[in-house]
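Got a structure for you, written out below as structure tokens; questions coming shortly.
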Amino acid sequence: MLTRRKFALLTGAATTSALLLAALPGAALAQQKTVVEFWHGLPQPLGGQLEQIVKDFNDGQQAVQVNASYKGSYPETMQAAIAAFRAGNAPHIVQMFEVGTATMMAAGPAVKPVYQLMEETGASFDANAYIPAVKGYYSSKDGKMMALPFNSSTAIMFYNKDAFQKAGLDPAKPPATWPELVDAAKKLKASGSSCPFTTSWPTWVQLEQLGAIHNTPFASQANGYGGLNAELKIDAPLYVKHVQALIDMQKEGLFKYGGRDNKPDALFPSGECAMIQGSSSLRSRIIKEATFAWGAAPLPYWPEFANNDPKNGIIGGAAFWVMTSPKRTPAEYKAVSQFFTYLAKPEVDAKWHMDTGYVPVTLKGIEIAKAQGYYEKNPGADVPAAQLTRTPTTENSMGLRLGNLPEIRNIIQEELEKAFQGQQDAKQALDASIKRGNTVLRNFERANKG
Amino acid sequence: MKPTRFIDLVPHIVLIVGVLIFAYPIYVTLIGSTWDSGTIGRGGLPLWPGGQGAANYAQAWAGEAGDRAMYTPVRTMMLNSLVMALSIALGKIAISILSAYAVAFFRFPLRMAFFWLIFITLMLPVEVRIIPTYKVVADLGLINTYAGLAIPLIASATATLLFRQFFLTIPDELLEAAKIDGAGPVRFFVDVVLPLSRTNIAALFVILFIYGWNQYLWPLLVTSSGDMETIVTGITKMIGTGESANDWHIIMATTVLAMLPPVAVVVFMQRWFVKGLVDSEK
Amino acid sequence: MRGVALLDKRRRGFLFNPPHASPLRHAQPTKDHPLQRRVTFDNRLLPYLLLAPQVAVTLVFFIWPAAQAIWQSVHLQDAFGIRSEFVWFENFTHVLSDPNYLDTLKVTIVFSVAVTVLAMGVALLLAVLADSKIKGARAYKTLLIWPYALAPAVAAVLWMFIFNPDIGSFGRALRALGYDWDYRLNGGQALVMVIMAASWKQVSYNFIFFLAGLQAIPRSVMEAASIDGAGPVRRFWTITFPLLSPTTFFLLVVDMVYAFFETFGTIHALTQGGPGKATETLIFRVYQDGVVNNDLGGSSAQSVILMVIVIALTAVQFRFVERKVHYA
């Protein structure tokens, strides 16, 4: 009879689980408030800090309830938003990384531009409050703000002061140009360093930022701002010279290739690499993990290409986009605009900057951080903002507006890897990147025209 | 006698090497949960435990209200995971054993067509399915529900195939004897097939429970409320893609906590593995 | 109380005539239905009722999405599905004329065969040993199944802490031994690494099912063979392995599908397909094109191609390999 009981148990369990499934819906949402769904791609602890800001907003007023929800990495968040949009169920707000900007701009009716949202809901919104490099990245061709900038970073250099000391270099004087960096790397190597220099985000830092700083186009049509028919221009002498320099450094043991995207991040706080170029947001990890003295410096430049006048760098990070849905009501848009007005406050921006290490996105945000003595207490924390604001933006330092930029980044990483393996030289790697990258751009143009 | 002794040791040596290789990542996790975040992040983790264990587990279990607003407590996430994993495991076993029984013990038109229809579901990558599946679930109004979490994952060609494989080894004589006794298909299923399948059910339950427990992409997509968060999405949320400094010590401790229910299932189900079939009815 | 009588009969039957008692007796498949047993129940409605729940779930959550994938594979769409253009087989010709696709196919074959062989071979060896009468068998079993419970996201991170040449324990050990380990720029090493990582998880999976399969072999058979004087190795090949073949066949199919379809997470975490394209498999490309590159048409076309390949392979397995499987 045991068997029978076990069968009863099995079927019983199946029924119970079926009942459980049917009977337990998600949490009931607050009825009276206007609910705003907000999907983001920030992991802990940043995600928690973002959700704290959302909570502060929710607690500060009665009309709107914003539900913040983590949806995985940026590409996964994007896919979740796409799936939801196609099901007519898009969230009100979605956080999108900077390389997804062109995709979002081309999304037409799926997105409600922020300037339009603020206008329609009668909210005051000043695009000029933002740092030009930030504003430029998220503006349409005619200078209108399409998304609300929030967490921005830029690429800078971190260096190990202890290692500099050991190599007989001045720890207070990081290399400002690439020739100086190569010299420093040679001395570091002579002093026993197995990895004088590495770079995270190879495409973003070594090509995209390089172009902006040296005022050299990355792509035609003003880096894609002028239209979908842009083509890559990374075979310019600047890029060839730079990539060849990296290949040569690698052969001499001065540069270590640490992998794609942010994989090499770990090599600096562990003490392996004496210099790293990467996202400014690496700072918080270094504070937590490094057991040596370190400093932050702007990205170096090539004197012959920069005329000793390096321009501002471009941004990374993400912005908030407003999505449409057949079910949207004006009250919901109003609620979103209320939330955005709160986020745009310089105090909120300054707090986020000081808590997380992202750069301030508003000019006033920098002022507040300065006034509170943040940069005196945290030497080097002003480097990213200083690099972003040091010159007025040019056509080449405003940002990139290229479709499927994540794919192009990967293509370039692949070709660079082949070059670092010794399979091709800098020119061949960049030519191959252009050929494959342009195919991606043409496909994007075709899928998004009209 | 000496050579024999050495031969006797060989299985132990092989098994120990196997355990060392396969349990090494688990060991790293356990050790990691007793160190501070910096040591782990630098890659400087030693092979022995550190002194932070108690503090790490306390923090992982309680969650720090300070820096984690809207943070879902670990017990809520564990409960959600448990409901999802149990629903998926039991649901899958129930519907697969029935369909395999039909395919293996009956002769009817379109039998192989049905078998292949079920079978090709193995061949469809989740990423391709995810957008249309989301649409179906949204249209059925199952977003943010346990049903939405579990039902799309319940269809399983794997389990059907396993049961079919096993059913084909049940001798025809047994079936003939049952027929002579006048037992119908339902009685045969309950009294013979089900008890015989016990070892396989136990093995499948272990696998499917863990499969359900470890789901990540789908729960992330169909739930957007903190109350519905599962433990594995919770952990994934802590790791992210590394645009920040991770709280490695909490991640490791939470991972160990998240492993406890699956391990309990493994240990519990093992009783069903070790008994032979013959003496199992006592 | 008929059930009791039947049970008793069955129990007796087991004692005197265990189901696996004669490994040489093959299934006797009928000519028209190779996968059909000789004796069956006759019932018109019941089998359909038994199939109904699974077929319903399959139709809604698999077949319908699959149909969508096929629809998408002949369209060119933007990410949000606002503009859509019917392009016949352009996505397919685009994929198939890409010189990189052939390389990816080669990598996939090497990867899948290696993962399947490695995962099955190691698991079978460990399962047979852990199932024998040795001390501590229980502890071994738990320790070998346990790894399956590790959350995939954490496993992905751990691989870095283990394999990374600079901060990983294993990677550093290799370098300390003088071996130039750097998977970031050495394609061969990268491929070996992703094969090891992908096999790792599947060994636990296979181990459980091999164990379950071994448990189903009655001790009496093994003991009888033992009395006959057969050594352990001979016993394994003449008795255990044939009796285990239904399980082995099941795992062969499942492992191959695993290697083809479910390994993109491991590859993504470790190498992202690099260096160059040295570890890019078909499924990783599907994932990359679909999720990261928002190329739904191309990604769907690749999925359809992948489905065709794997269905063909599986059909071959059922047609030819299953003939060697000993059922009752």
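We call the chains A, B and C, going by the order they appear; numbering starts again at 1 in every chain.
Simple rule for what comes next: contacts are C-beta pairs under 8 Å (C-beta built on N, C-alpha and C of every residue); 3 or more make two chains touch, one makes a residue touch a chain.
From a predicted model like this one, the values you see are computed outputs, not experimental measurements.
The chain pair sharing the most C-beta contacts is B-C. At the far end from chain B, in terms of centres built from Cα atoms, lies A. Averaged C-alpha coordinates give centres for chain A and chain B that are 35 Å from one another. Averaged C-alpha coordinates put the centre of chain B at 15 Å from the centre of chain C. Shared interface positions of chain C, defined as residues touching 2 or more other chains, are 3, 7, 164, 166-167, 290-291. Under the contact definition stated at the top, the residues of chain B that touch 2 or more other chains are 42-44, 94, 131, 151, 190-191, 236, 239, 281.
Counting partner chains per residue, chain A has residues 3-4, 76, 79, 82, 86, 261, 266, 270 touching two or more of them. Every residue of chain B that touches chain A in the complex is listed here, in rising order: 37-38, 41-44, 67-71, 83, 86-87, 90-91, 93-94, 130-131, 134-135, 138-139, 143-147, 150-151, 190-191, 194-195, 217, 220-221, 223-228, 233, 236-247, 281. For chain A in complex with chain B, the touching residues are 2-4, 6-7, 10-11, 13-14, 17-18, 20-22, 24-27, 37, 39, 41-49, 51-52, 54-55, 67-74, 76, 79-80, 82-84, 86-89, 91, 153, 261-262, 265-266, 269-271, 279, 281, 284-285, 287-291, 356. By the touch criterion stated above, chain A contacts chain C in their complex at residues 1, 3-4, 75-76, 78-79, 82, 85-86, 103, 106-110, 195, 257-261, 263, 266-267, 270, 272, 404, 406-407, 410, 413-414, 417-418, 420-421, 423, 440, 443, 446-450. Considering their complex, residues 3-4, 7, 76-83, 85, 160, 164, 166-167, 184-187, 272-277, 288, 290-295 of chain C touch chain A. Residues of chain C that touch chain B in their complex: 2-3, 5-7, 9-11, 13-15, 17-20, 27, 33, 35-44, 46-48, 50-51, 53-55, 57-58, 60-66, 68-69, 122, 125-126, 129-130, 132, 134-136, 138, 140-155, 157-159, 161-162, 164, 166-169, 200, 203-205, 208-209, 211-212, 215-216, 218-220, 246-247, 249-250, 253-254, 257, 261, 264, 283, 286-287, 290-291, 296, 299-300, 303, 306-307, 310-311, 314, 327-328.
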